[in-house]
Amino acid sequence: MAQTVTSKKMALAKAINESLRRALDADPKVVVMGEDVGKLGGVFRVTDGLQKDFGESRVIDTPLAESGIVGTAIGLALRGYRPVVEIQFDGFVFPAYDQIVTQLAKMHARSLGKVKLPVVVRIPYGGGIGAVEHHSESPESLFAHVAGLKIVSPSNASDAYWMMQQAIQSDDPVIFFEPKRRYWDKSDVDTEAIPGPLHAARVVRAGTDLTLAAYGPMVKLCQEVADAAAEEGRSLEVLDLRSVSPIDFDAIQASVERTRRLVVVHEAPVFFGSGAEIAARITERCFYHLEAPVLRVGGYHAPYPPARLEETYLPDLDRVLDAVDRSLAY
Amino acid sequence: MTVESTAARTSRRSAGNKAGTTGTKRTTSTAKKAAGARKSTEPALVQLLTPEGKRVKNAEFDPYVAGITAEDLRGLYRDMVLTRRFDAEATSLQRQGELGLWASLLGQEAAQIGSGRALRDDDYVFPTYREHGVAWCRGVDPTNLLGMFRGVNNGGWDPGGNNFHLYTIVIGSQTLHATGYAMGITKDGADSAVIAYFGDGASSQGDVAEAFTFSAVYNAPVVFFCQNNQWAISEPTEKQSRVPLYQRAQGFGFPGVRVDGNDVLASLAVTKWALERARAGEGPTLVEAFTYRMGAHTTSDDPTRYRHDDERAAWEAKDPILRLRRHLESAHHADEGFFAELETESEALGKRVREAVRAMPDPDHFAIFENVYADGHALVDEERAQFAAYQASFADEDGGE
Amino acid sequence: MAQTVTSKKMALAKAINESLRRALDADPKVVVMGEDVGKLGGVFRVTDGLQKDFGESRVIDTPLAESGIVGTAIGLALRGYRPVVEIQFDGFVFPAYDQIVTQLAKMHARSLGKVKLPVVVRIPYGGGIGAVEHHSESPESLFAHVAGLKIVSPSNASDAYWMMQQAIQSDDPVIFFEPKRRYWDKSDVDTEAIPGPLHAARVVRAGTDLTLAAYGPMVKLCQEVADAAAEEGRSLEVLDLRSVSPIDFDAIQASVERTRRLVVVHEAPVFFGSGAEIAARITERCFYHLEAPVLRVGGYHAPYPPARLEETYLPDLDRVLDAVDRSLAY
Amino acid sequence: MTVESTAARTSRRSAGNKAGTTGTKRTTSTAKKAAGARKSTEPALVQLLTPEGKRVKNAEFDPYVAGITAEDLRGLYRDMVLTRRFDAEATSLQRQGELGLWASLLGQEAAQIGSGRALRDDDYVFPTYREHGVAWCRGVDPTNLLGMFRGVNNGGWDPGGNNFHLYTIVIGSQTLHATGYAMGITKDGADSAVIAYFGDGASSQGDVAEAFTFSAVYNAPVVFFCQNNQWAISEPTEKQSRVPLYQRAQGFGFPGVRVDGNDVLASLAVTKWALERARAGEGPTLVEAFTYRMGAHTTSDDPTRYRHDDERAAWEAKDPILRLRRHLESAHHADEGFFAELETESEALGKRVREAVRAMPDPDHFAIFENVYADGHALVDEERAQFAAYQASFADEDGGE
């Protein structure tokens, strides 16, 4: 189908900005809050211009206290608001961890469904931008283990736009992990499209020999891997999981039943990472289909290293290809 | 439950506030002076009723209970007595194994009923796990409070029903929710207020300080009501602060007041003052209600390990209920009939609570999977289905034998 | 070998108490700190009598602020102390999560090894005691994903005693998960024994048909399962993992290479739980040995339920046997 | 590096304190009065040198710089100039791509050198990420500070070497470490003290409040030194507090003082006062150094988006270095030779830093696996071995071709 006129090329960060703008426009109960989200427009400019257009009461610069930000967002949600909270960087979400895990995640169950907390927690995450300590982490596993939270991560501008719309509309708390190294990557966004389900994976490239599953920043890498592998005559399927809680196991299973091999790629450390959960469950579901164990490519069991070592630490073309080779060697 | 708090029986208004607006005309400057007055190092304790039941004058706070009638006073008394009765019943239900745990409010009735009756219907309450008296004032069915202590739910009443949030066990967390809720009130342009309860122990949590910061910066209409009952389980208040807790507020830019938390009238007056500051756009206030936890921390606790009986004895002389009774009697505000009737009502309450708890059904196994999410979650669905199949396998086995 | 006279039967809680006493005695730099650990001796009496004997400067009742407790413990460690911190219940560790994850775990690496933080964080964990919300959780996965921490959990009094000795002697931060429902279980403790390595798993029952792997409170359950299975003629091997970071994969692998089947049992939710990591890695290591996928028995993806539902939520004899049956059916 | 701070060149003692003990005889009551004096709502700013370089009297704090000599003053000046030079070099190295990021201290030299020179060798410093001037006073090799900004390590100097802890990026965290360290000093019976730096923005973090609570309860010898540089990235201080920050301390039971953070003499005096309180067993103090972040938050920041140039211009008139220079000149404490020599030294420092940074090698790949644990960890060993094999496979490939 030809591209409609409603489609525009934009950077991922800009897509989120537009999506927030649309949500603020559509629903007076939506508020954006966080450190430096106002005049500055956030350190990544994701909230650029929003305070100017919607005022200080809708786009709120908060004191520098992450527990306070999430805790007051919960209170605002109890009053009927739909707060979209920005955590400035992945490594600074931990002061808010208690409020997220013991309050935000559990309030709906605790109240037997009487209280809904439609709070979105935006977290720019991941490495590859040459930053200092605490600015490059991928803590999604630390939230996925916690029931009551939904966790998503877009890999491109269009998903960023639409998944943000859906996250804000969700009556559940959503942790929205934004792949900060892809903030400046541009792609088409159709602002009139009808988006698919928020938690459904998508086959971004069909293939027959092996499935690569990834989300957020690693999807692009996996596409590059598939390109490289194609040159060697190997047909890799690339799945963009899009959601880490829930995980679309049906889609992975369907793919693996065809390709019989699976490599999961994420920036987060492998140990207790999402690859572990995917490997365990897919092995259970596809025990007789798998020709090789599910392999995982991710961070090492080490603190995220200083910038000059991050290329070594992060999954890259070679490391993923190596895993592909190892899988195919079974 | 047919039991009703005095507020519920009397058309839901603040006690001592016939028109529901008395005192709102109070000038800001007076209020500020009242706050400023607490700066001396010797803590000034606001007291309107002495332990002997004598009404003492207080220029700052008398106006907040100026409209109070004998009927109001009897209502406060009734609420305290019924709350204590309910609390005692819960303690005994725990001993009988009907509850897994109980956190008694014994001794804190005045702080809770006084502050609880200061509220308007459209105000919102964020309690800890011990605010049974406040819940009572809000018209929350007392049986509802027992669900979590029985282990059938983790709260489960509808917070929106009575503007009374669920009990929060992680200490201090709710002060931030209260602040956020109050920020929402401001955004809505409403004139209601929020009250957040917390303990002397909780005052040390970073969350409480952050709540102070946010509420001050956004000038949120919230009253922080700290029941300093002298103990955080086994730790005396000196383990939390080396100065009186009400002074904490000042450094965040809002006033703090210490009130006699065993004096229901003073608790009512000071809370009304603080709530009116909130409504008038003057932002947060910290009220430290100086009171005493007469019982154990919870039924699991053994206070003999860490405190002396003398201390308790000294506080018994300041009992909140006794004190108001003395006042009612000496002022001839209540006759024997009133007390006798209350005694009957009290026993009936106990009986009803007992029966309701015993009749409380265990939750269905599948409740585990309910309400984890509002919009559903594929994994929960999958696990629910697996569990159902697993359960069914027993039925099959049984049927097959 | 006959039992030596140095062996005493004691409850698990008492064993920790004795171990702390020994450490306080042996090293003036050891301090015990937490809420109510002094006069009260802790809500579980694990620190009973210690303040009386070692004074308020060694056994410290702290303000009620978990971040403060861990944060000041870090400072004390920087000054040369070896703090043993008590978190009163599992669900209350989250206010300290930031200090644990961003400071305690990373300081050694951050300083290129110049700073050591020998801090032990004791957490009574797990359910089965009929408690209210936040008092029955098993958050070990949320720490295992974080490099820089070591995580152990004893299943019996003897391990509790010796693993605490070793945890205190370790120059790394150790999160010490105490199985609170087993606090009152008694077994022999030989206070003169020479303990094995802190992070080694132990075969607590040899078997040939299937391996059950567990740690902490679930070891006893697995032993009961093995008993029950034995009656049906099935020989189950039970492994007490003892350590969740690192995990003794060599021991699991050795066992699975013999039994060819593995079921992992823990109280924590299955999703992103330790079972996932074990399943993923063991499947990779033993791909050609496994006759069945690694199965996991654990909590559901739901907040820990109210007490009257915990028997349904927690793994029990029937649920583990069901998993054993399913595994053997492959 | 051969560069040395003035303290290092002059046998490591506090500036203005010949015997290293001046002022310790100060009575507690005077100290308390000094603290008590800051209670008025108009913030009292302690200033000893006006922006014009005029020395003004201050009864409370003059004694703390009573022994100061012209040489000391020149030393303070030298430290500020060299720190600023170093800072400028780092900024320019960032522009040249040699550093990934730089957090400039421009404008905050007086607060840092003043407080840094107040310390004794056995005191311990917990910095944020901006205390390059304090590091300088402690004798930390400036090149060491650049490693984390270049991206070759996350700190990496030995904190024990100069009693200067690693930079802490998670704001506020280090105030608790400082408090714990200070608690350890008390346990050791030592009389040294701890200083914890943090920013106006960080003051909102719960951790800082918990540090206040712990230090007050345990009466820990710690000075909380808040550099209020008016901005937390794009947020002005009003977003953190509606009252001056130094007032925060009072509610926790210890004194707070606001000092002119662009006045090196006042910063020195007030910090010495606070440190001596700590040594004398009087517990914690909060010092708010009122100063200004002249540059961007970091080299990644663009302050034109949120603040006006006028503001900066106004603060330029209060420049800490200019101010002391005027004083030195008018008091004839320094001649042209001194300034000229310093200029040369300054350029040499810049050159040496530049060369050292450019020569700084990238870390070895295997550094990722080093120091994760002190006692080793099986998984790290496994991953290191796998990585080594993986690396070797490239060598094999290359070799095989």
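A, B, C and D are the chain letters, set down in written order, and residue numbers restart from 1 in every chain.
The working rule: a contact is a pair of C-beta atoms (placed from the backbone, for glycine too) under 8 Å apart; a residue touches a chain by one contact, two chains touch by 3 or more.
These figures come from a predicted structure and were not determined experimentally.
Visitor: Which chains lie in contact with each of chain B and chain C?
Guide: A, D
Visitor: Which chain pair is joined by more contacting C-beta pairs, C-D or A-D?
Guide: Counting C-beta pairs in contact, C-D comes out ahead.
Visitor: Counting in whole Å, what is the centre-to-centre distance of chain A and chain D, each centre being its mean C-alpha position?
Guide: 37
Visitor: State, to the nearest whole Å, the distance from the C-alpha centre of chain C to the C-alpha centre of chain D.
Guide: From the centre of chain C to the centre of chain D is 41 Å.
Visitor: If you average the Cα atoms of chain B and of chain D to get two centres, how far apart are those centres in Å?
Guide: So the centroids are 45 Å from each other.
Visitor: How big is the gap, in whole Å, between where the Cα atoms of chain A centre and where those of chain C centre?
Guide: Chain centroid spacing, chain A to chain C, equals 32 Å.
Visitor: For chain C, what residues touch not just one other chain but two or more?
Guide: Correct list: 62-63, 65, 67-68, 91, 94-95, 98, 102, 106, 109-110, 133-134, 147-148, 245, 271, 300-303.
Visitor: If I count partner chains per residue in chain B, which residues reach a count of at least 2?
Guide: As it turns out, chain B has residues touching two or more other chains at 153-154, 170, 204-207, 210, 213, 217, 239-240, 372, 377, 379-380.
Visitor: Would you tell me which residues of chain C are touching chain A in their complex?
Guide: 67, 91, 94-95, 97-98, 101-102, 105-106, 109-110, 133-134, 141-142, 144-148, 245, 268-269, 271-277, 279-281, 283-284, 287, 292-296, 300-303, 330
Visitor: Spell out the part of chain C that touches chain D in their complex, as residue ranges.
Guide: Residues in contact with chain D: 31, 57, 62-63, 65, 67-68, 70-81, 98-99, 102-103, 106-116, 147-148, 150, 170-172, 199, 245-250.
Visitor: Help me check something: in the complex, which residues belonging to chain C touch chain B?
Guide: Interface residues on the chain C side: 35-36, 38-41, 43, 61-65, 67-68, 91-92, 94-95, 130-134, 271, 300-303, 305-309, 312-313, 318-319, 322.
Visitor: Going by the contact rule at the top, pick out the chain B residues touching chain C in the complex.
Guide: Going through chain B, the ones touching chain C are 100-101, 147-154, 169-171, 201-202, 204-207, 232-235, 239-240, 300-301, 305-306, 362-363, 365, 367-369, 372, 377, 379-380, 383, 387, 390, 393-394.
Visitor: Quick one: in the complex, what on chain D touches chain C?
Guide: Within the complex, chain D touches chain C at residues 153-160, 165-166, 168, 170, 173, 175-185, 187-188, 206-207, 210-211, 213-214, 217, 370-375, 377-380, 382.
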